[in-house]
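Naming follows writing order (A, B, C and D), and every chain is counted from residue 1.
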């Protein structure tokens, strides 16, 4: 028996946050180089988290060699190459700026931050760091779903022709029950936004990315259908039953967001993000209609892309259910034989594979902080439009100002 | 062999218009009493249409005993019991008022009229006629799809619980091709409205009917994605290829309509009507999300209703694909064994069966002209909102006035 | 107002049987010439049935001018052009031979008869009558489903390439409940056969027709999963609840039939017909796999054909859900705009339209009695194989003989 | 920063084989303890493979600390606790017996072996080893798909009631193209069997496991639709294009297998395994029909189980699409929020988690070698039935003998 040498360069990872996202990212850092041919192999160096015992458990569970309750330890440790930010949105700004300042690559979960102002500063810092070879990426990981990456490729290749319309929904149901408990995701101070920012942001990013154009204007409406909920004992992020008998807390974010968007060039998009769609568990749906064809996707069937070819022979036209598990589909060749599906966590593995590749090749990965900033601006414009009776509102760098949003 | 006597009362039908709707209605008049136990049997008495040769052909094709080019002949003929109006919307007002005035029952295709003002007058005339035992109904025939009638029943019975949200789309694609020709449906003078009024009206009617509440406010956007089209030689209503090389006419109606609606009680609805959804042939979709369950429908699979029961045992929850061909489903017992689907034209047969029953029983059928008027007011409010930068706009009797729509 | 003359030739129809099939055929006779351009217009002349009051009611309900309890009256009436046989299988032979003998065209519901011997005689009589211009057709009406007719066209045009395999199921569930009552369909004397002959026959006919080849050999197994059932008070054909407390009758036919088939040329087919498939209401499924593509169908979604093109660009391959409501699809142009589905009864309307056309044009319609005889021979071969331990058994004219089926 | 101690017991893994299965198993060994709370943590100790350079690459790729070309090295190394056999079936017998003999736990990929005789010896050895606390398991990993494990639970809990019928298919298409190249999977000496043993075995195992009964008798037919194929340069297992111009090799296994099965108790099952189902990529389908309900599964949508409840209110019955990502579903709680699907490799992770748990708890995991032996006997009985004209053939320990299979 021969010992196996590790021939590839190690890439030391410091991860901050040990919740649902921490678990998903850890898995991706452990897995990416096992399936993709990468210029460096990640090492799970240190994990940081608020509570000592919990972060110790997480370290063992996820496979990190060290742990700490001070995220600043990671910034200060010269051995760490990449900072991966998996905490709630209100902390992103401070951590990311600190990491970029000391020359560490940054993977920041979405949303980039809880405000446009913070996001702008982060985007500037990232652009500046990029000139020094420091890479940054925002975690809109759904882009790395093979079906969606393939959708983008089809659109870019002209398959759908001139785009006629965009349609996107992110439907969940975990707040349909009025006694589903409070979580930090329903607290504006922590989460910044509700359905709009937490899930709507994904379809904003995806439709811009797939169409290759930005949203310029929006008309939107936000609602909080269930305004008070049982106070939760735990800080759990998603679902679960609260104590229905006790005190109720105030929900300070939207649970339904409806908006129309006008993309650069004039294409209209119909958007919806909701946590009131009883029975829809994770129905993130994106559809692009063009003069020559369409693509349609639903994350509840993440290994499928519906493809319509209007140039096919009359009589044989229809939506084709493509299982995006063929070698021709993005990322798929690294995995299993055709017809053997991938799961949710693969989107993170792909994201991290792409990030490692970008670091190795010295290129800027996407979505950049600047792209994420634009998503943030769209969110802010939806909020401004909602405050203005749903009037069409421009998405812009200066936005929103008091002058604009009060009539 | 014994001759078969006709034991039921004849009901003489005068039909105006011989296009696509004329064919569908004629079939229903011929068929309703063959499958339903009705108090009268329709007789296809006379058909009226603009062109002499065409109406003669239609009479033979559809089985009418007489034909004429003057619709007034039908009004004047005392033998005719019911006037069925299948002409474009600009003629509805005059014909319906004339028919009601002489005491004939009226089935008027949707839209009730091309303007709120005309619709108001018609609703008043119908209400007045009703006091004299004259019945009138507006042809929102999709209500008579068994799956949708069953959806309404489930909602009325409390199956979905408190309604959280409404979602409705009517997606077609026949205008995706910029060279699809002009038709009267794209001419505002004839059709009154485009995707909004022609197909959006259906989902407005359906969601109001299923939820049992009216839309109070809307915020909407209209667009004409392809503003000019080849002039068509024929007046065909749907689809077909124009002469791509020749002159192009101006499309004067919308081909995409996006709007949000607030129902009485505050429930939000996301609406879309479009003819730009490449690949969607007749995707009329309605979904009602409640605290306890959901129902979802797509006309492309008209024999199915998706039903979600949030009170089912954990682990077994999901959308149930109900084939609405069981004896328990509205209208279904009159037809075939379970699993043997119905088609588009059955919605008309059911509508006419219900109308004949209402006439026989002396009750007012639904949708009344008053209900159809409210749909018209919603359409007008969407147009007013669109003209006002998509601002939230009240749906109301006085609407729209200049005062309201300019801030 | 002008009276509408009837310009087309009348075709006088005599229908025997007033059950579920009588209703379906009557509708088709009333409707075919209203949507298709035919050389003659059917007249519902006389209906015959066993019970006087029931046949009188049926005559009025379905629109027949006369009625009788003696089917022989129809044979003897020189005014009647076509005899339509909608009775149980044990009566087909006598009626059809009588009708052909006096020179009447015959539409005989499937199965052609309850035995191969009777079927052979009927096929000979039909072939003989054809030489005198008399047309006959067996009612395998599912062939006239647009999606299946289109599937055949695609296969005939070489779209799927060399056929690799056939797969067909007819799944129903109305006998899953051990207390579903007896009906004549479960009585071998009346019905001849159970799931095999009643529903399996359809997929035998369809796969032979679509592939253009005959089944040569079978290996099959029959079972009666629930051997006794509550005696039913009524003679209802399908479903319904019996009197669970009372006497139980013996089921003398199969409720499950499984068989493999070898088509001429060697292609293998996997077949199943069952009434024990809980939840499957009318899942008649046919799939043809070829070297270059596939087609797949399920009657529960009768307006759809799944089409797979193995020559499509890699990455875009998948099953395409074709809504077979386009003008390019068989029969569809006669009906509604694209995306507006048809129902079960349209298959009969199409069948009768094709029959009238054949009568008018002097051609022999399909499926001929000879084709139906071959289906009967396949059924008999399955029964013989079942009796021989499921051994492969030849389908043939001489079949079955004692010599063959005992080893 | 604190170093993270590893608190759990290490479990040293020796893996043999570095193909597709080696990759899948390695991933599972790396991942199981990261998501499940296990009594031991696997250590990727040594990998063995035929070719020195390839096994060295695999070791680095998969994360094994050592590698060797002699599988015997793993047997001889006292540090190794578990032997994981991922080689073709012809080698299983020798390796497994050697491992069990020295007291190592064994995970053996399916098929257990290429013959019943070998399998019997392995089952005896495993039973014997079990008395000494040595655990063994055969890799029918699909059992660990949450949807299928949940299906079994529903059946065991009586949800479907008395079982009426079983239906199972494993449909693939990679041999539809006559120029798809030879692989070891088409060579009887290496693979033992074709579609029957490679994929049919899975649905045999699953249906026995879900119903809790064994198959007693079979009637089957095997075919090799494309008997010669281009000789492949590489030993790749699945798919790919051969050199179409060159020499063709003989396919010595079946590419289509059709069989009927009788389970203990008499329930009939319809089975099919094929690689000729053009367009079906990995359609492993299992359906159980009972008196009170049904469950249906298709691996192409592995995160869904279709559930039918015949006791639901009339009108609301239908197949419910359950997303098996709820905490109530087997294995699902270890992963992501509801609606976030799992992929193919999770079945291996679950399998290995269950094995580690069994080792830690001192219980025998399932499927045991004895269960796998029964699958092997079913396969052998199908082959014997095929050789005997598809006659019903008993599945048994003595099977097959010359006396039985020649008439």
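We take it that a residue touches a chain if its C-beta (ideal position, glycine included) is under 8 Å from a C-beta of that chain, and two chains touch if they have at least 3 such contacts.
Chain-to-protein mapping (UniProt): A, B, C, D = Gfo/Idh/MocA family oxidoreductase.
Keep in mind the model is a prediction, meaning the values are calculated, not measured.
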item: Taking each chain's C-alpha mean as its centre, the one farthest from chain B; value: D
item: Interface with more contacting C-beta pairs, comparing A-D to B-D; value: A-D
item: Contact-pair overlap exceeding half with B-C, pair selected from A-B, A-D or C-D; value: A-D
item: Distance from the mean Cα position of chain D to that of chain C, given in whole angstrom; value: 41
item: Separation of chain B from chain D, taking each centre as the mean of its C-alpha atoms, in whole Å; value: 54
item: Distance between the centres, which are taken as Cα means, of chain D and chain A, whole angstrom; value: 36
item: Chain D residues counted as touching two or more neighbouring chains; value: 280, 317-319, 323
item: Residue ranges of chain D in contact with chain B within the complex; value: 150, 154, 304, 307, 309, 312, 314-323, 326-329
item: Chain A-facing residues of chain B, complex; value: 160, 164-165, 167, 173, 176-178, 219, 221, 223, 225, 256, 258, 260, 268, 270, 272, 274, 276-280, 287, 289-294, 296, 308, 310, 317-319, 388-392, 407
item: Partner chain D, residues of chain A touching it in the complex; value: 1-7, 20, 23-24, 26-27, 30-31, 34-35, 46, 56, 59-68, 73, 77, 172, 174, 238-239, 280-283, 299-303, 323, 325, 335-346
